[in-house]
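Worksheet: one structure, shown below.
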Amino acid sequence: MVGDKSWSGRIFNGVNVLLLGIIGLVTVLPFIHVFGSSFATAGEIASKKFLLIPTEFTLDAYRFIFSTSTLTRSMLVSIGVTAFGTIWSMFISVLTAYGLSRKDLMGRNWIMFLFVFTMLFNGGMIPTFLAVKETGLLDSYLALIIPVSINVFNMIILKTFFQGLPGALEESAKMDGCNDFGILFRIIIPCSLPAIATISLFYAVTYWNTYMHAILYLSDAAKWPAQVLLRQIIVLASGLSYDNSVYTDVPPPSQAVKMAVIVVATLPVLLVYPFLQKHFAKGALLGSVKA
Amino acid sequence: MNNQLTMSSGKRAHIMRNILKNKWLYLMISPGLLYILIYKYIPMYGLIISFQNYKSYQGILGSEWVGFEHFERLFGSPDFWMIFSNTIILFALQLLIFFPIPIILALMLNELRSEKYKRTVQTLIYLPHFMSWVIVVSISFVIFTVDGGIFNSLLELLGFEKINFLLKEEWFRPMYILQVIWREAGWGTIIFLAAIASVDPQLYEAAKMDGAGRIRQMVSITLPAIKSVIIVLLILKIGDVLELGFEHVYLLLNSTNRQVAEIFDTYVYVTGIHQGQLSYSTAVGFFKGFVGLVLVIGANWLAKKHGEDGIY
Amino acid sequence: MKRKVAMGMLMALAVLASACSNGSGNASTGGKENGGSEGTGGQSAPAKISIMTPLHMAETPDPKIEQLIEEKLNVDLDIQWIPASTFPDRMSAAFATGSLTDIVNISITGANREAIRDGQFWDISAYIDQYENLKKLNPEVLNNTKVDGKLYALYQGRPLSRQGIIYRQDWAKQLGLSDPQNLDELYTMLEKFTIEDPDQNGQKDTFGLAERGDLVSGAFKTIASWNGTPNEWGVMDGKLAPAFMFPEYKETMEFFKKLRANGYINSDFPVTSKTEQQNLIMNSKAGAYIGCMCDVQQLYTGLAQLQPDAQLEVFNQVKGPSGKFTVFSGPGFNHPYLFPKSAIKTEEELKQVLAFMDGMMSPDIANMLYWGIENEHYTVVDGKAVPVKEQAKIDRDVKPYNTIEVGDSATNSRLEGKYDYTPMQKAQELFVDNEAFVVPDPTLMLDSDTFTKHKDRLAQIITDATYNYMLGEMDEAGFNKAVERWKSEGGMQMIDEFNAAYEQNK
């Protein structure tokens, strides 16, 4: 590489590596603090004597949150909802996005506008609740998925990516006798893996973080995903009182528990991420298809 | 007359032909359309309550109609302009300071030669996105409080005066935007990295042949290649002008910074939902949607005028 | 018509969805009403009773206690636990969609009050005397829950006032101080905790009062009432006026301003959370904490981990300049239980529900809801309940049920508690001691339309001004201007409305 060996290229590289290193550190330090605190004793957290690694190591916080089956069970719910929800949302979003990415589709702009409009206006919690009720989804896991099938933002991003693909790809497939479904599944999707991976990640994170819908639509607490529990712990442990009129004698969860909860809530996404990350570099495929 | 009729029937035939030709495409978008019809458009009747004094037990049919009373109350409120300008300023900070950062970060990451280093940095900068605002704000408190906070202890150690970051209104905006950057900038790079990954590598090869340097390649290949994604995100961001993160601002809001920190969502929280006045908060939501709509249409029109695809 | 088509299409969509995500949802579309009646083998089929109640814990509790209640009262109980932070949203959805439970656990202010007036809930005035236990409920407290003179609610009792000071006894001894008998002594204590190195480490690293950003349950309102400020509203020249118009309120602000200017209180107190506030005590940065004396147990647990020989003490009777001790009181109840007509259709059903509530007040159930199961969660020593050592077990199995207790120990004969930690035990006694000195809120039973509709917005004007005054960002003229603003934006109406109601009630 020509650029790399020149002086300016080396300085550019060096500065870039250093800067990104610093940025990485700044973003990760608070997280390490959280991670460290989750293994610390309540006293040590209160004393604020450590920044990253506590001197006394204890697993109490984790023992506490895993001492009943609730977290394990709700984690399974979360994983299920996230997996199926992501697949479903991707399926329907890709179809919609591809259909709308085709410029020869009549009324395309109007339909697109219908979607955009829903990002700006919504009927509010109660009419939406009624729609969920009327469609028979109350108290079913589907209530966490179907009413949020498409995130218009994600769909628009997908559509933009699809539009960016060279038109020649579609033309050649048509020559080979593919119909529109054929083009989508055989050509467009394989060529858009970075975008597919990205949007899948977005959906997965949204499903993973869902909690309000669960509380609204599922009256049986046994069906709640992990975020309901995790969020409740964080809110309680942060000492936020949403309702001042109510006294309770219940001490909030300890700070270590709060930290452990953050770790537990983040870990699964961190574990999944490397698998998706591979696909972010798959853009090269495009070149090979073309060639 | 006759001519017109044949024209329109000819047009109709043309439409029919197009629909038939693209029948598979229409089939593809039908589940999506059905979805927004049922879960978005049908519930939109709920907006009606902004013209009522809605009482949950009376329902939409039974509640009293009050016309534009809630809108008059909103625009006539002595705080309206204060809230409006606070919102616009925070939005401007988001647009001018925050928005470019993920793009720059993505370009920087793209220039890293070591794949391992790149992946590590990427993973690290995504992490903050998974911390809820409650956590971000409480960590900030620990860092910035004057009562033994890390940052102020450091200032003191270096011989400077302590700064009351949390109770001085001039620090609200910097704190707000810093927290947004810290939490969201890394996460925001994902889309741009995906766009960069879709760039045809042959283009770089060709540029190298021509002796183009790294910066040159970035400016003349990478940036144009991700331009359409940037523009789409920009339009979407502009449409979100009044959505500045209720939870975040609410957590930062206090008695000393209300003059600069109160935004529509927080205002509504106290005057609306908090007191069961759903109608009023719906009216404010209506207003926010309207402003967003006007801006989206404008931005999209501008983009199209400059030869871009826009979002619709 | 359109709706039906849409429904049909949606069904297709749902089928498609389940085909795609097979097994992800076992859609149970049946409502709670038509669930099977299993029958516990008893005489009659158990009555179905449903309750919605806020959950202040992370997890829903073990159902063991629920099952025991079902058994003892022969009911089929459905408790819907709703995380406290989302309670208002969930409640308003339930209200609007007609899915309220037989018993709901909500406040009787604001929009709910309008709903009560509108006749959405059963008026139970005529029934309550027919039940052996319910008629034991304190008539004064019941009176406080009345709307327009009618009784709609049953209540869960609360001590009238648990306010007091918790302070470091070891520090005080070191400096030759004891319980602060009046505000001057309190000030001296906070001052000395700051400047006289109470922990003897040779460094100026401590201060007096740890406070949080909460004008009501933090130190502010308590100190204000010690200073003789009325509770929210007071009588001035024969008419009701809001507390902040009284000179005692301004004196209290001045007291805080002085504390902060001298560094005797944490400077960031307006934005300090309860957690951070408690940390300041636990890590021996601050020596005093004013608020609920019940927090002493929790504070000590954290403190003892870092400073095993630290000692805390609780005290309540801090007298004002007049030489009298006064402290504000709450309404004496928490969580009124209301009975929505949308869920309870007939008088017969209402009687069934009230019979259940009556059963909830029987001593053995009351003990179960509050203390748990004997010998598992508590033991009885000298006729008092002593909780077992495993706090986590109590928190998980029992604490959430506290929110559905009916009445209080005085009315449902629930056992008094006995605590190992002496200051905690003393705190219980001081709650009772406070009762003789409480100052109630005179507007509690009065009605003001403006108050119902705009109280939060109006209160915010004063809250902001109060903080800004204490921080030195606003002078007295500025504060008076805020009061004028409060008046002009509805406050004046509120004063008039309350006074009209006050005259009527005299």
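Order of writing sets the chain letters: A, B and C. Residues in each chain are counted from 1.
FYI, a residue touches a chain if its C-beta (ideal position, glycine included) is under 8 Å from a C-beta of that chain, and two chains touch if they have at least 3 such contacts.
Not measured: the values here are computed from a predicted model.
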Chain located farthest away, centre of chain A as origin (C-alpha): C
Chain pair with the most C-beta contacts: A-B
Distance between chain centroids, defined by C-alpha means - chain B, chain C (Å): 37
Chain A-chain B separation of Cα centroids, rounded to whole Å: 16
Residues of chain B engaged with two or more neighbouring chains: 31, 35, 38, 42, 56, 138, 142, 148, 278
Chain C, residues touching no fewer than two other chains: 3, 10, 13, 88-89, 92, 96, 273, 275-276
Residues within chain A bordering two or more other chains: 48, 126, 130, 135, 146, 149, 231, 235, 238, 240
Residue ranges of chain C touching chain B (in the complex, touch as defined): 3, 6, 9-10, 13, 16, 88-89, 92, 95-96, 110-112, 114-115, 118, 120, 213, 266-268, 270-273, 275-276, 280, 285, 342, 453-457, 460, 463-464, 466-468, 471, 473, 489
Residues of chain B defined as touching chain A within the complex: 15, 18-19, 21-22, 24-26, 28-29, 31-33, 35-36, 38-47, 49, 56, 105, 108-109, 111-113, 115, 117, 119-132, 134-135, 138-139, 142, 148, 150, 182, 186, 190-191, 193-202, 208, 211, 213-215, 217, 228-229, 232-233, 236, 239, 278, 282, 285-286, 289-290, 292-293, 296, 309, 311-312
Touch list for chain A against partner chain B, complex: 1-4, 6, 8-9, 12-13, 16-17, 19-21, 23-28, 30-31, 33-34, 48, 51, 92-93, 95-96, 98-100, 102, 104-106, 109, 111-124, 126-128, 130-132, 135, 146-147, 149-150, 153, 155-157, 160-161, 163-164, 179-181, 184, 192, 194-195, 197-198, 201-202, 205, 231, 234-235, 238, 240, 262, 265-266, 269-270, 273-274, 277, 280-284, 286-287, 290
Sites on chain A touched by chain C in the complex: 41-48, 64, 67-68, 70, 80-81, 84-85, 87-88, 91, 125-126, 129-130, 133-142, 145-146, 149, 212, 215-216, 219, 221-222, 228-229, 231-233, 235-253, 255
Of chain B, residues touching chain C in the complex: 31, 34-35, 37-38, 42, 55-59, 78, 138, 141-142, 145-148, 164, 166-167, 254-256, 258, 270-271, 273-278
